[in-house]
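Multiple structures follow.
The following pair of complexes shares a single chain, chain A, combined with chain B in the former and chain C in the latter.
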Partner chain A sequence: MNRTHTPNAFGVDPWKARIDRVFARALVLPLLLALGLLALLLGDTLYRSFSVQVVRADEGPGRTYPFGLSAQEILRQDLLARGYTEEEVAFALEDPKERQVLFLQNRVELMWNTQDGPFRYVVTGVYDERVADFSLAEGLRRWNELKANLQEGERLVLNPWLDQTFLTRPPSRSPLTAGIGVAIWGTVWVLSLALLIAIPVGIGTAILLEEYLREGRLSRILEVNLRNLAGVPSIVYGLLGLALFVRSMGIGPTILAASMTLGLLGIPVIVVTAREALRAVPESLRLAAFALGATRRQVVFRVVVPAALPGMVTGVILSAARLIGEAAPLLLVGAAAYVPFLPSSPLSQYTVIPVQIYLWISQNQPEFARVAAAGILVMLLLLSVLYLLALYLRNRFRREW
Partner chain B sequence: MEILKQRPSRHPWEVLTFALLLLLSSVTLLTTLGVILSLLGDVVEFFRRVPLREFLFAPEWTPLFANPRYGIAPLLAGTFLVTAIALLVAIPLGLSLAIYISEYLTPEKRSRILGILELFGGIPTVVFGYFALLFVTPLLQRVIPGLSLFNPLSAGLVMGFAILPYVSNVAADAMQSVPRAMREAAYALGARPYEVALKVVFPAAISGIIAAIILATSRAIGETMIVAIAAGQRPALTLDPRETIATMTSYIVQAATGDQPVGSTPYYALFAVGFTLFVLTLLLNILAQWIVERYRERYE
Partner chain C sequence: MSLEMLKDHETVRTESVSETEALVDVRHLNLWYGPKQALFNISVRFPKNKVTAIIGPSGCGKSTLLRSLNRMNDLVPGVRVEGEVRYEGVNIYDPRVDPVAVRRHIGMVFQKPNPFPKTIFENVAFGLRLMGVKGSELEDRVVEALKRAALWNEVQDRFKKESGLRLSGGQQQRLCIARAIAVEPPLLLMDEPTSALDPIATQAIEDLILELKERYTVVIVTHNMQQAARVSDRTLFMHLGVLVEEGPTDLLFTKPKHPYTEAYITGRFG
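== the complex of A and B ==
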């Protein structure tokens, strides 16, 4: 008789034990696969946000400038090198309007490597033309060859697409000078106004459901409704925003319409997290307050809500992180517009980070994929900051009751 | 404490607070009403112009052609195709992940891994779309000849990972709520851990697991950016995962980013598609809730 099939003294079938081990190990695979995909996604995006480029300057020699000069000095030298006179340059840099236009049309950026050596500044104009764009590996392998073949007015750079100027610049028709500044401000505007709607409604509903309503028809209706709202695809909220806010109420494709749309989208998430926070407050606290003669309003707003506040804040931050990444509903309420200026009021035109990224991805020029990669990195960095903040708050203010 | 909620106070401050909270929460009801009414008005207008028969049975969706056709079938086929591929990825991975999380981890590790998965679900779908289009598609094109640049295959594969947390977290929740006594009884009868997981916990949690799958399906149907970026925007009545298609959501994006004059039939068509999407996901959500409610009492 085959020993491996005989149960041992404790009645353990060795075959089953083996299946058990294999099963337990195999179960780790999906997790590893998911984490692997995540790593691949981040790595790929990071890799794409660097490239080796040969760029032909629209005018001038395509010089590079040493590290340490101010942006203004670099631009001055570059304009001089392009053949403008001292007076013209001095005038343009002193007049605030001219200066602004000048800096919009010329991007002074630090390259990690250039034909003249590492970490030097170049000035990229809107009309500069990309001659070649290589991935990091290919570009570095062929660096010397490319350097030897540089033509007059061309420069060879290792371009980190995500740099300081990228964060502040407006979008542009040329990928070389495009930035995410306008979209960042759009996101800040839309998100803060959206939260202004979603926080009171979400937390108010949560308090009503947890602290005031008995099990009954009203609470049942509210709950079922919220559960269904949470399942509505976000793009349907976009259609609501388009039909109701943009068209019927005549708000137009503005920040206000976008934040109302996004605010409604955020409510169900905030309700869920706020209810969890309220439920975590122990019943004894409420009973103690009632026993001291507090009215329900006092119990709720002076005892329960303060105790639940850290949890609520964490929940709000997490929902804010969700809302930041929403592109679909905002595409319908005007975020797809080309907006070259910073938004100044709730009735301004706007665009937001994820929509800007989508617009870049749908461009034909291959460099826009690099700009999009830089944009994705900005968005993911922003989200990680929010997640870390939520995590910190959760741990810092966690109370054992 | 339900008993403390019994008697509402008549004090003006109390009444005011209550009224304010009611007012705030009424916004959630108004939102639903708004969604239904705003869609319905334009949908009615759409069906005044296009017969229902055309919408249901025409084989093409070409609102912008000189000879417009308004058949929803190609968009439904596209949605179905992408969703099916996503579920093929998400169900096996998500369920084994759920078993692992619920049955094989200590509580601390469990909450840590659930946190990581939640983070995974927090990645904006634009990012997944970018990854599908620029990384997965070129990779697949080397293996599969005739794969177009925009295809439901890579969109679906990546979407499978995007909806993975919905499957795994909800299913793990369901498995966690299976009473401990059942596991202990199985162990007492000499079952091995894998037998407990597969033959006791899994069947006991099946209603929650099915609900998780249905919810993930509804997510996949409503998911927009991945398909808009990676699956293309050309409606085609096909189930071939190599060809460019359009889903309901990607059509809405395409139509919305183009300029539709208000009042034109294509503009109303946008809402007809949106309404179909809304009804479909709503039905799925209600079904999932019904399944959960129907089988919930079993262990209580």
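== the complex of A and C ==
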């Protein structure tokens, strides 16, 4: 048999295969490590957002209300329970100029300027009061002991801090009643206004660079600058916003100033992603439109932009996700520590979710760590939704040219 | 066969086209891409309602000549044109002529099918919409164009919903032809329209070209000499940016006069 004499050309070299396997594993390892760390982080945050608590219903003349009711609704129910008629209650809550409704820690106040002087109606003990707080592990371990030691009117509950009321309540000096409602609305306001600024400017710049200037000198200069801008730390934008918008333009520490700062921050990212989307549109489509007698403007807006739209939208969403997480620049342009009211206009005071989380973490009461954990979960949830949306859009409109 | 030898070449013409028969009359056309000259002193007439094929080896300037007939070369940065292209007596390189308006009158089909990522209907309607056609007229003319491009039977039940990109390669190319002829251009330019297609789809397109010449004047660039022989009435042979020979297709292929033409069609170079 001469088989033994010929080199085994198609055989497997065991060492090459082994090295290949090791190499592939070595590449996967860091990924697994990163995923593991992320899972650990998420798990830890989840764990911290639960606690075992002793709560007591307030024994005053009032009554406790289900979580999540608005101040007006609580006042209405309370007044009705005290025997006022529907008309009287409606009248008392009607005129927003004359009266003021406050939602404080665990009480609701109605202030009303009548002809006989100011009138003040207070509902106290709106919610159950939280008496003591234990971590999940400790609380579950000592469950029976705690249960045996309950006072009159007290209950032992497993409390998820991230509940429905957490999402709607205003912030508070007490961790027991602190909520993220105002910060969520602040984020919604700031982000929408920021995108309102960043989308037209960013996409417009991308179209100008990609479709009109192409290989010009100006295009190259702008390109380098944009890439640099995308790499500037966000706190530098905060300084710019503070100097330019808050001070020089006199807008003050308001939603508008924050949106303009975040808008600037978002523009480079949007420009870069939108340019890539435009570049992915094949040249043959532009030629086809030109050959049909379209002007440059018609080519761009009837063919190229519609074809690039899914990519552009994905880019906008990703940049929005980045802007949601920004705390540093907003600390500089005046996200306030304590804003008890929902923002009502672009010139309102505001706070946003990451700033609120930062402020909670820097408090020294240990329960604030739980509030912060709940806040982090809210933000992660929000970010996940945005990323899923981006992913969905990318898959939904994927094209083969 | 050097450029120097061809530079002052006088085109060999057989049965040349008279001025009255011609739809397009190219006179002494020179074209440069930056410092590089791509077309050398080209003079040729394209007869009305006939198919004219342009053949020649790669890089000989066939596509450049085709694109200078509807000023698509204007889109290339650094291009410079001298000479005249008279379309129904009007020089389209006159500074008072708007290239966009020129392209509206002249249809073009490209090498690779390039439908827009829109529905079949919107693809065909694109040029019509640019001309301001609306409503039921728009719909009628789209259907008419699809019929004329021999695509209607295959897409009639889905042409308003389905994306043009979902069609097969041959169907996409017929869609592009429908898109080009929807605006009723007297002149249709085709730049190697079948080079990306399989033989069956090529056959369909060639049949279509033969039908189209009843209504349109067609200029087709092709790599494939058999195709030129099958579909065209007249053929132009180009080499190194020079129009070497032109004449009726059957004569050019059977009795070429210039030695280069003979060498090319017998397969000795190219």
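Note that the second predicted complex is superposed on the first by the 289 of 401 C-alpha atoms of A that agree within 3 Å, B and C clash if a C-alpha of one lies under 4 Å from a C-alpha of the other, contacts with A are read in each partner's own complex, and residues count from 1 in each chain.
The rule we apply is simple: a contact is a pair of C-beta atoms (placed from the backbone, for glycine too) under 8 Å apart; a residue touches a chain by one contact, two chains touch by 3 or more.
All values derive from a computational prediction rather than experimental measurement.
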Partner chain in contact with A:Ala81 - chain B first, chain C second, else both or neither: neither
Touched partner set for A:Thr295, first chain B, second chain C, both or neither: both
Residue contacts on chain A - larger count, chain B or chain C: B
Chain B versus chain C as contact partner of A:Ala92, first or second or both or neither: neither
Which of chain B and chain C A:Leu37 touches, first, second, both or neither: first
Partner chain in contact with A:Val272 - chain B first, chain C second, else both or neither: neither
Touching partner for A:Ala280 - first (chain B), second (chain C), both, neither: neither
Partner chain(s) touched by A:Leu140 [first = chain B, second = chain C, both, neither]: neither
First (chain B), second (chain C), both or neither touched by A:Ala307: second
Those residues of chain A which chain B touches in one complex and chain C touches in the other: 214-215, 287, 290, 295
Touching residues (chain side chain A, partner chain C) in the complex: 214-215, 282, 284-285, 287-295, 298, 302-303, 306-307, 399-401
Interfacial residue positions of chain C with respect to chain A in the complex: 70, 72, 75, 77, 100-105, 107-108, 110, 112, 114-118, 126-127, 130-131, 165, 176, 179-180, 183
For the chain A and chain B complex, residues of the former touching the latter: 11, 16-17, 19-20, 23-24, 26-31, 33-35, 37-38, 40-41, 44-45, 48, 200-201, 204-205, 207-209, 211-215, 221-222, 224-229, 231-240, 242-244, 247-248, 264, 267-268, 271, 283, 286-287, 290, 295-297, 300-301, 318, 321-322, 324-328, 331-332, 336, 354, 357-358, 361-362, 369, 372-373, 376, 379-380, 383, 387
Of all residues in chain B, those that touch chain A in their complex: 1-2, 4-6, 9, 11, 13-14, 17-18, 20-22, 24-25, 27-29, 31-32, 34-35, 38-39, 41-42, 92-94, 96-97, 99-100, 104, 113, 116-117, 119-120, 122-131, 133-135, 161, 164, 190, 192-195, 197, 215, 218, 221-225, 228-229, 249, 252-253, 256-257, 262, 270-271, 274, 277-278, 281-282, 284-286, 289
